[in-house]
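In what comes next, chain A is part of two complexes: it sits with chain B in the first one and with chain C in the second one.
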Partner chain A sequence: MGNKLRLKKKWIEILSIFFSYVLTFWLLISMIFILLRLSPGDPALKYLSPQLNSHLYDYVKSSYGLDKSVFEQYYLFIYNLFRGDFGISYNYRVPVSTMLMETAPFTISFSLVSFLMQVAISMWIIFYVHKHKGNWLEKSLNKISLFLYSLPTMTVGLALIFIFSLQLGLFPLADVHSTNFEELNIFQKLFDLVKHLTLPIITLSLPGIIIFYNYLHGNIEATEKKSFIKFMIANGFDKNIVFKKHVIPNSINPLISILGTELGILLGGAVITETLFGLPGLGRLTVTAILTRDYPLIIGCVFFSGVFVLAANFLADLYKLKHDIQLRENFKNL
Partner chain B sequence: MKVILNNLLCTCLILVICLSCSKEDKSDLVVVGLENEIQTLNPLYTMSEVEANISELLFLGLVGHDWDYEKGEPTSFPVLASSIVWNNDSSSVLISLRNDVKWENGKNLTADDVIFSFDLYSDKSVQSRFYGTFYNYYLNKDLSIDLKKTFEIINPQKFRINFLPHRNTSCYDFDFPILPKYLFEKVHRSDLALSDTISITSGTGPYKIKEWKKNQYVKLIATSKSIYSSATQIKELIFKIIPDYTSRLYQLKNNNIDLTEFIKPEDVENLASQGKFVLKQRTGREYDYLGLRTNSAETKNSAKTGLFDSPRIRKAISMAINRESIVQEHLRNKGSLMSNPVAPIFSSVQNKNVNPLPFDLNEAKLILNSEGWNDSNNDGYLDKNGNMFSFALNFPSGNPLREYTAIRIQNNLKAAGIKVELKGLEPTVFFEKMFNKQFEAWLAGWSIPVPLNLKPYWHSDPKLAPGNISSYKNKRADEILNLLDSRLPNNVRTTLIKEFQKIISEDQPVVFLFWIDNSVAINSRLRNVKVTPLATIQKCWEWEIN
Partner chain C sequence: MIKKIQIWHAVLILYFIVLLLRFDELISTIELVYKIFQLSVSQPENISSLFSANVIDQLTSFAIFLMGIIFVIGFRNRIAWLRKKSSITLFATIILTFIFLYAPILAPYSDNLQFNLPTAKRLTPLSGRYLVKMIDEYSTRSSKSQYQKAEETLFRENVTPDYYLSEILINNQSSIGSESTKVIFLLGTDEYGRDILSRIIYATRYSLLIGIIAIFITGLIGITLGFISGYFGKYADILLNRIAEMFLAIPFIFLVILCVAFLGDSLSTVIIVLGVAGWMSLFKIVRSEVLKLKTRDHIVTSRMIGMTLLNQLAKEFLPLLLPAVLTNLTFQFAYIIIAESSLSFLGITGNYSHSSLGGMIQQGFLNLNEAWWIILFPTLIITLIFYTVYNYANKLRNMGTKQISYTMN
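Let's look at the complex of A and B:
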């Protein structure tokens, strides 16, 4: 009976988190819809031209449904959304879902690879710095981390292109692969992809590496000062084992909470990186959609990014719910 | 041992990868860098010049065009037509089709395909870019072409087009790409915009779509059955979208792309000096102007109406702006001063007696004083009846030339005693407001249509001239523009256009700033690239690789 009650309570906790995310998501989509309709700019503007017949503009606007009231447009939007229909892109004249399917996989894999690189590199630096405390890397990182973090993605990208592509000729300037990609064998394809994506990944990952490093570094220092760690070391446990098995796991928990935020930052960074390196992702598509007021496509892109970021936050919340005792207690008291 | 094994494995992997990497073979491939996305290649819906030019590589028209530099006007030549015979008064044309043009299904191109295409272009439900522009045709009430009155099929390879009488007809009236009826008739007309028919078929052009990654690139591959297919034709053309100018320039320098347009004036010399690029100028198609609300009654958002109603005031403003310095300093002479909207490339109709207004600050001040504007309170700015001469100058942000020009105008007019407040707006917002005539003064530009068509820009009837944003009105100018629509002897036409230039130069409905050259950079490995006022991406089947 006690077990059943606990299970029921747990499910209620999970469902309450889930519904709060659904509500957040609905608010996000509705806000975007309303803001787009309120903002100046006309999606049918390209049909206003001295070279074109003025009636064409009216017909196109009507076919976009923009002659209807905002309320009617919103009702249709929500109705279609429930049917999984994002509408047709004004620019490309193809279903928005098709555009998303073409671009989203790249951005997701690009962002995930970058995310893994951020975690892996920052962890490696942490281990290295811990092993060689007070060395040049730790000192210089402490001094220049703020500078590296504040560097705009555009500047980093352009600097990397200038040094490694233009001056040294080590990496291609842009694109996800070479024009003759299809003719390459599997190793060549792999090498080609690595060659093309190295600079974009570095551009996108650099700020994240600094964030993770700073967070972990601070957390590790705080954990190392805790009594149980001091106790273990005083009792002769191997320092490296204590570090790997106790300090790191206890320091990494707070990092989970910034996972969702970091994914949001990654998607934001992907917009610039994809545009700069000519990569075929969601970020570049979003920029084009915004500049041309392609309402269905903007909402489709926001929908996708929103799901991505909120899902990451939701998973992070579930993780914390399972592992964070204080949070669990808070839920119990609700 | 473990470490050695790991190192060995890593070395092997790197060796395999390095040995397997290969250089790109570009001996039969040309990459063109484009700034803007290609949204469609369906000839019915191509809106930008680049989209239209690429789609014409897929679907040929009855005629093509070239530029005659000697005459200073476009010329036409038959493409899918084998002969074009006009009647005496040019009210009808007899067209014979080539009998060697076949569609992908093996059937010949027929008059049916031509008429079907024209019907699609003019159909309201299709919403083609050409809808409502068949001014010389017999039309139905919904502006679609009256097929019965217009077309007369003599045999499957021969037909006649009958135009409205006394109209100024030319080959431009029937130069649209011809579409395969057997494919396009399968799609409901209102769904044609969403159809991917053009991606899965080859037209009559020498290229077909091989691969199209939206927002990334379009790959065209040479076909063997077109009338323009040849052994020397470049096998693969890639149109790559690179929105960022710096990236585009880097890629050009690094041989990743072979051709790109709109090179900034400051980069032209540097590229030319490298020796591996040919720089060509596409002149006389675009100009920038300072728009002024000439008819104050139509000003929607300003309390100070009537500021620019007087042509003398507009003339004074023109004379107070040092346009030459902008051409020299920002455009680095990749442009020229202008006096009216008839580009110098139309040399046959150019009025050489109409010259750009000179920069003369003293004369400008004298004109303003004579119009009652004086600095009565010695604050450095002119005033009249207690109102200061000041206005807001709107311009689209993100355009370095216009941002620079706006600042120069502000400084120049300050010297003349006019206060200018600069307002940079996001382009979509700017152009929406501009077309809605919500500005009192704005900085924008027009692209000149070929053949020369002034009516949509300068006629006083807003329905006929959506481009007349400044609400310019001149009775004689309207008369001339109406007359130019009709069939006229060449000398009369030329005289009328010259008169129009004189009128518009005197009236200064806008301050005509300068013609802007489009600098095109071409990798020297590419030959036979003709850059004419008509286009850069044209007749690509004639391009060759050294």
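Let's look at the complex of A and C:
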């Protein structure tokens, strides 16, 4: 009986989180719509390139429903967004949804690889530092971590390009693969991709590695002071096993809660990294869209990134609900 | 060694260096003041036309310069802060403050002064050239007033026939009537023949200014909404929280891009957008603090005796909120400076007439192979600003947590 009640409570919690996200999602759409209406000038002109025939104005106006009332327009706007119809990019002359489908997979996989790299490298450093306490790596990291973190993304990227691409010639300057990519066999293709993406991934990952390291380092030190760890070590458990099976899982949980923010930082960093290295991703598409005043494309890109981060936050919230007992207690109190 | 120097020593040394290096500029500023005084006595009806933006800028920074020297020398015994031991962070802060306050005095040229291209294009750092100024015949023939001449020597924006750069020393001074002085471009010139040092000084000042105004806006919005949400609760709280979540969902750069795209990319819009885009974290901090403070005795009392809402906020809440708010705003300041330079690097907001650090980096990126110095110094300055501000924010945070733990005990 009590079990059933708990299950019911859990579902209510999940549903309330879901509805709060739906509300946030609706606010996001509304903000884009309000910005679109607030912006000076005729909205129809924004969808109309100056190079096009002026007779198209009325056609565009009626096709976007701009001759209708504001509320009808709002309804149409939401309806179209849900159908995945963001309009047609007048710079590329293709539907925005197709453009997004072409570029988003690259950015998502790019950020994911970068995220995995961040976690892997910071974990490796943590393990290394834990094994040899007080060694050079820990000392130097304590000193320069603030400096490394204060390097802006573009500084890191530019320094890497200057040193490794221009001076040493080890890595190519831009683009995701060579021009003769199609002629290569599978191993050469893989090598080519790795060669092209090494510098961008380092650029994107460096700040994250330091954030994760600092965060985990503090958490682990706090966890090691807790009594159950001391109890285990006092009872003669292997220190390494205690560290891997008890200290790490107990200190990694709060990391999940910053996942959504971290994804936002990654997407923001991807804008600069992709522009620097000339990669065909969502960030560079956004920058080109705004430089050419391609309004449907801008809306599409921002909407997509917003939904992406919201989804990540939602998943992180669900994970937290399942694992973080303390948070669940807090949730009950709210 | 560096730890033995107190702050006022460092400040005075910097003042001395500036006096030594920019003596000519200071002298001609005094000349300008004298001429403005003369003109305002002789033609009091035209006084408003004398004060252009450049002149006001120069005069205010000159006044602050003089007052700064007097302040440091006169108050070094009374203000404890000036006798503090200096550290590298403090030294960087002093340099940045100097650049911020005295940009027109420090910068050798105007930030948009373009020297004649064949001689001045992409000069390496520390390269010397001869600056030729025609003195007698041409300038006496032209019908410029003395005031205009004084103004021109200070704020030149164009290279004219009587003011240009030469690679060789022009020897026969008497016959042509020119005066050539050797000038050294400390940080080199960019591909349009503009002095990088001057551009960096002005750009640093602008980005600091943008950051300061933006965090002011952030603070205003964050504190007001956070107070409303925490104090009244209920529906306002739920709605504001959801709005904050919504803003947090869009990555900072995307949010700014969205706003800039729809509201235009003028300087004022960019400042407002940068200020508005960061209110969420401050809002959450203020809200949670106000929720905690609301039930405290002295605040309940202040409500009971009928203090107005604004009075309560200013006199009861704000002093207690201040450590958390200041820490957050300092962090935001660092992020806003990075965001501003990233935006102008991407070319999204770089259309204004002054120089910007991000715009310089973008320009250097296009010439990375030929001229490394165009890009090196702006990136160093950005890193320096971020490092300094971030250091302060960290210190403030540590101080804040200490203070909170004291009050808890």
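We adopt the following convention: the second predicted complex is superposed on the first by the 285 of 334 C-alpha atoms of A that agree within 3 Å, B and C clash if a C-alpha of one lies under 4 Å from a C-alpha of the other, contacts with A are read in each partner's own complex, and residues count from 1 in each chain.
Simple rule for what comes next: a contact is a pair of C-beta atoms (placed from the backbone, for glycine too) under 8 Å apart; a residue touches a chain by one contact, two chains touch by 3 or more.
Remember, it's a predicted structure, so these values are computed and weren't measured experimentally.
Visitor: Between chain B (first) and chain C (second), which does A:Q73 come into contact with in this model arrangement: first, second, both, or neither?
Guide: neither
Visitor: Does the superposition put A:N250 against chain B (first), chain C (second), both, or neither?
Guide: A:N250 sits against neither chain B nor chain C.
Visitor: Pick one for A:T24: touches chain B only (first), chain C only (second), both, or neither.
Guide: Second partner only, chain C.
Visitor: Is A:S97 touching the first partner chain B, the second partner chain C, both, or neither of them?
Guide: neither
Visitor: Quick one: is A:T198 in contact with chain B, with chain C, with both, or with neither? Answer first, second, both or neither.
Guide: The answer is neither, since A:T198 touches no partner chain.
Visitor: Contacts for A:T292 in the overlay, against chain B (first) and chain C (second): which applies, first, second, both or neither?
Guide: So A:T292 only meets chain B here.
Visitor: According to the stated criteria, A:T275 is in contact with first (chain B), second (chain C), both, or neither; which is it?
Guide: Once the two structures are laid over each other on A, A:T275 reaches both partners.
Visitor: Considering only the touch criterion stated at the top, classify A:H55 as touching first (chain B), second (chain C), both, or neither.
Guide: Once the two structures are laid over each other on A, A:H55 reaches chain B alone.
Visitor: Once the shared chain is lined up, is A:S150 touching chain B (first), chain C (second), both, or neither of them?
Guide: In the superposition, A:S150 contacts chain C only.
Visitor: Hey, what residues of chain A end up touching chain B and chain C alike?
Guide: 40, 158, 161, 166, 275-276, 287, 291, 293
Visitor: Going by the contact rule at the top, pick out the chain A residues touching chain C in the complex.
Guide: 20, 23-24, 27-28, 31-32, 35-36, 38-40, 146-147, 149-155, 158-159, 161-162, 166, 260-261, 264-265, 267-268, 271-272, 275-276, 286-287, 290-291, 293, 295, 298-299, 301-302, 305-306, 309-310, 313
Visitor: Using the touch rule from the top, collect the residues of chain A that touch chain B in their complex.
Guide: 40-42, 45-56, 59-60, 63, 88, 91-94, 99, 102-103, 158, 161, 165-166, 169, 172-175, 178-180, 184-185, 187-188, 190-192, 195, 275-278, 280, 284-285, 287-288, 291-293
Visitor: Quick one: in the complex, what on chain C touches chain A?
Guide: 242-243, 245-246, 248-255, 257-264, 334, 338, 341-342, 345-348, 358, 361, 365, 368-369, 372, 375, 379, 382-383, 386-387, 390-391, 394
Visitor: Would you pull the chain B residues touching chain A in the complex into a rising list?
Guide: Residues in contact with chain A: 16-18, 20-22, 24-26, 29, 31, 37, 39-40, 45, 47, 124, 127, 129, 131-133, 143, 193-194, 196, 213-216, 238, 240-244, 246-247, 250-251, 253-254, 256, 426-429, 431-433, 435, 446, 449, 456-457, 463, 465-467.
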